[in-house]
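Next come two complexes built around chain A: one with chain B, the other with chain C.
Right after this comes the complex of A and B.
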């Protein structure tokens, strides 16, 4: 059924954005706006694929991707927190530098330009739920998805709980909102900020691996297609609230899935592929305008 | 100077011996000595630039002295940072509050020493029990789940004090704690401090408000120009004596003559406006200020006075009403149009709105006048004319400076405000909207700025004065309009009512 296919694809395309957005959300709560999420996704996608091919094990591949993203995150965080570099400039620098390094690595290690296809790549398994799988729509929503998708959605309430109820969550919020005050109380704002950026890197690395070993099974230097920026839009628009952020990620996933269905129907593919990005801008603008109107009406 | 070895006196909970701190050529602290005995309120009094903040930073471990030592329980001590000062029982309530926005009151209370289980989950019941205990101690009742930004200032201040107690501090350093409070709240604070003192805690009360110092302190140390002028018990201190020590001479209060109010300059009618968050702040507000008259607006912070000033100056949009300046409706005009129509404005936030701290004094002094033909021709600034103009202007206002080209941020608070006052009164405006004109200014600066306002009024200027300093309002205003919840609760003519009556109106009481 077509509608089931679109729903299934929407869930799939939401996962990478959701993972990166939840990481970026924690990072922003901790006081760093991470515009380099996309570079961490790219690193995770590449190392995830290589390790999946080497070991034949998807959990090990995910660990490798998380580590790759985390290392990029740590490097970026140290540049911002210890060298007092501007977070926007450093983020841009990492986007360009990681893309360049990836291309260099592909050509020098594999002699390939832009695309890497490896043998015996362990793909993420699908979890089929008996009976539910046969129910229309519900089956497409719940069944046939991989563990990382389930983990990503489980992280939404966990993130809510973590920020509101745990010591680390409270400290992270304090450090992001009032670093001076937190320091005066004996907290270490820079270390907490580094920790949150490493977490953002880990989550983005997983998001990247999801694209390479979950969705397509090969690596391409354009594999992230700017999803790190969509993630940025998601947590910005969700104002650091995990459920609102997830909704925004889902919105993108839906249009991404729709776009895939629209391909090959006479409209140029390049144009169709811009649809999810354009729609995210349109919807976010519309919601923001509606919100402003509602506020203006309130007495 | 050789630090004489003295026997540690444990009754001295916190003190300083020969603390000296130099910033470049400026000696901010010059051999400061003081001793705050356990279980007393010790006030440190001084004007702007007297060296109070530097001393506080040293006592907090944020800064280190070049020579001299902190005394803790009578013995020399040094703090690696604020965390260590905390660990040894010394905590501080800063002038700009240090609560984290976005967190609730209770989250701020427990921050950095949260009751939690082995998994890092916060034990909210334990936290609340502790909060209730502290609440009872302070004799207040708080809604602990309120986000910080929704709590009134005096509540935030209480939470800061309770946080120090929560963390086990028994030395409380309070930096200008009454600056943001209404008179009744000041009395509550003083009562709380006395209670804490009676329980054996030591309080260091930093202030330049002598009446409050005299009301709360057991001992008083006066500092001026980085040096201790004297340390004396409360019983032998007097207001005049302290003032003289603070500024080195006696200032006569300006004695304003009776106003001869003329034609209306500012006429506000039916004004409705909202605050930054979109809540109604003013509704149907009427106000008139005449030439040769100073009209003061009294109110606890957040009762609409900021919106009155912002509506008149054009910094906020209004929902309804008319605002006339010298007869012409300016409600729809831009800020620039209002300024050229004769409006001048002293912003309450000098650092953000009053000045560009990074820019030279000269540029700050002509900002807003930069279109005047004598300063600018065909869009090109006339540097020589500006230099001459600024030099004269700043000399007239006795701005202490090394050069007109130094950044405004390098001036002391009092001198910064003189630059703003000089600029705003330059060019004979019709109306001056003066918000917190002496906030963060020392006694001498306050006196000077008050004289400027009175002189301007006597020349026929109209002043709308918004101030949290009741004494200032009473000293300067010909009329005081009291606002509460965006409405006028009363109007008091010069000399007809005391501080108590105004304070009652400020808290919502009706005029009897």
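Right after this comes the complex of A and C.
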């Protein structure tokens, strides 16, 4: 069934964007706009694949990917919080430097230019749900997905709960909204901000591993295909609300699946690719116009 | 997100410190890259010596370095112009794509025109299209206070995909399988300065613009007002400067220079527009503007440095087994360190003393 295929592909394409977007969301709530999510995805994708081949175990590979992303996140965060560097420039710098490091590492250690294919890579398993799998549409939505996809969606309500109900979540929001006030209350804004960036790195690292050991099975320097920026678009578009962000990630996943399906059928893939970015600009504009109207109405 | 990136405290520091300031990030970046080289089993000093020789060792090599620096001078200038007004424009990369496509389209369409007409026409098209590309984020920032970092970043991806679509469909060269426009007419080519080197008249245009920028920034009222608006928008507004209008103007100017960078790249180097036209010139331009601290001489030196790295990095692969990516690592770390307050401990101690 074609519709089942598109739905299944859309869910697959949503997972990496959703993971990275939830990480970036927490990071932004903590007061740091993370432009460098893509670099953390790249590190996670590479180390996830290498460890999956070395150990033959996908959980260990995911741990390695999360650690790789977290380390990049920590380095980036320290540059912003301790060296007082501008977060946007640092993010762009990390994109350039990490992409260079990854390619440098590939050609030094494996003598390959841009692509890495390893033997015995442990892939993410698929969870087939009996009976549900045979139901049209519902089967495509629920069955045949890997544990990371389930975990990504489970993280959406957990993120809502974390930000609204936990001590750490409330502190993080305080740090992001008013660092000076948070400091006056005895919190350490810089440390909390570092923690949120490490978390964003961990989530992006997992997103990268999803691409390398979940979807493709090999590593390529262009494997992220700018999904870190789509994730950025998702949490900007969702305005830091987890469910809205997840909905946007799903929408972008559908665009992605749709664009792959439509290749060679008259609808130019390049134009579909621009949609997430156009939508962000439109939403930001709409929000600004609405905000101005609301201010104008106030006495 | 404030745009206080171009060393707003530079007034208080002594002159010698201001001149030496950019060397800190450079030293830090080269030290870090040396560690990477060392870890991979290369001798960093040998690699850096080889890079220097390949970049500046002969007149032919210097010409190649200047040629590689040309787009970076322009993108650095485009970025600096916007930064100066407090607009954090990271969308110069997109301007290169749309400007380059516009110049190439004029260059292969009006084949009959003489060079004296066709060449300026193609460059003007690049300037206009690049400038228009920045109109929306400029207006949104100035009128509605929409974050220009996000809009310009998003516009980069839109520009790359949009131009890729155009050269795959409507503007694809007939009979060509790859995503490229037809070659431009010979009359549209920027004349070469030192054949066979690719160094062309675009370099002279870039240098002339740098000179104008220095004059404009230090000698004109608009240049002063722009600097004021970038340093403290509220104070500038209180002094009677129309800050939103200034932001729009500077975004348009930034886009115009970015578009020109694309046009010069198309007419001087590539000879047409191809998908993947710019290897990140716009992003390197941000590093150039930051490292150059927004001054004309600083931008020239920083562009020269990155041009030398790009040029020498491409050739050392033939003579050694050092991967060319060391150049990217250097460039990225320079960007990070250029905005990091490396000397902040030192400054704070002095202030408290």
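Structure notes:
In the analysis below, the second predicted complex is superposed on the first by the 263 of 299 C-alpha atoms of A that agree within 3 Å, B and C clash if a C-alpha of one lies under 4 Å from a C-alpha of the other, contacts with A are read in each partner's own complex, and residues count from 1 in each chain.
Methods note: a residue touches a chain if its C-beta (ideal position, glycine included) is under 8 Å from a C-beta of that chain, and two chains touch if they have at least 3 such contacts.
Quick caveat: nothing in here was measured; it's all calculated off a predicted structure.
With both complexes superposed, C is the one of chain B and chain C in contact with more chain A residues.
Once the two complexes are overlaid on the shared chain, A:103 sits against chain C while remaining clear of chain B. When the two structures are aligned on the shared chain, A:171 is found in touch with chain B, with no touch to chain C. After overlaying the two complexes on the shared chain, residue contacts for A:247 are found with neither chain B nor chain C. In the superposition on chain A, A:84 makes contact with chain C only, while chain B stays out of contact range.
When the two complexes are superposed on chain A, none of the residues of chain A touches both chain B and chain C. Those residues of chain C that touch chain A in the shared complex are 1, 5, 36, 40-41, 88, 90, 136, 140, 144-147, 149-151, 153-155, 157-158, 161-162, 164-165, 168-169, 280, 283, 286-287, 290, 323, 325-342, 344.
Residues of chain A that touch chain C in their complex: 33, 35, 79, 83-90, 92-101, 103-104, 107-108, 226, 229, 232-233, 236, 268, 270-271, 273-274, 277-278, 280-281, 284-285, 288-289, 292.
The part of chain B that touches chain A in the complex is made up of residues 60, 81-83, 86-87, 92, 94, 98-103, 107-108, 110-112, 114, 116, 119-122, 124, 167, 278, 280. By the touch rule above, chain A contacts chain B in their complex via residues 165-168, 170-171, 173-174, 177-178, 180-187, 295-296, 298-299.
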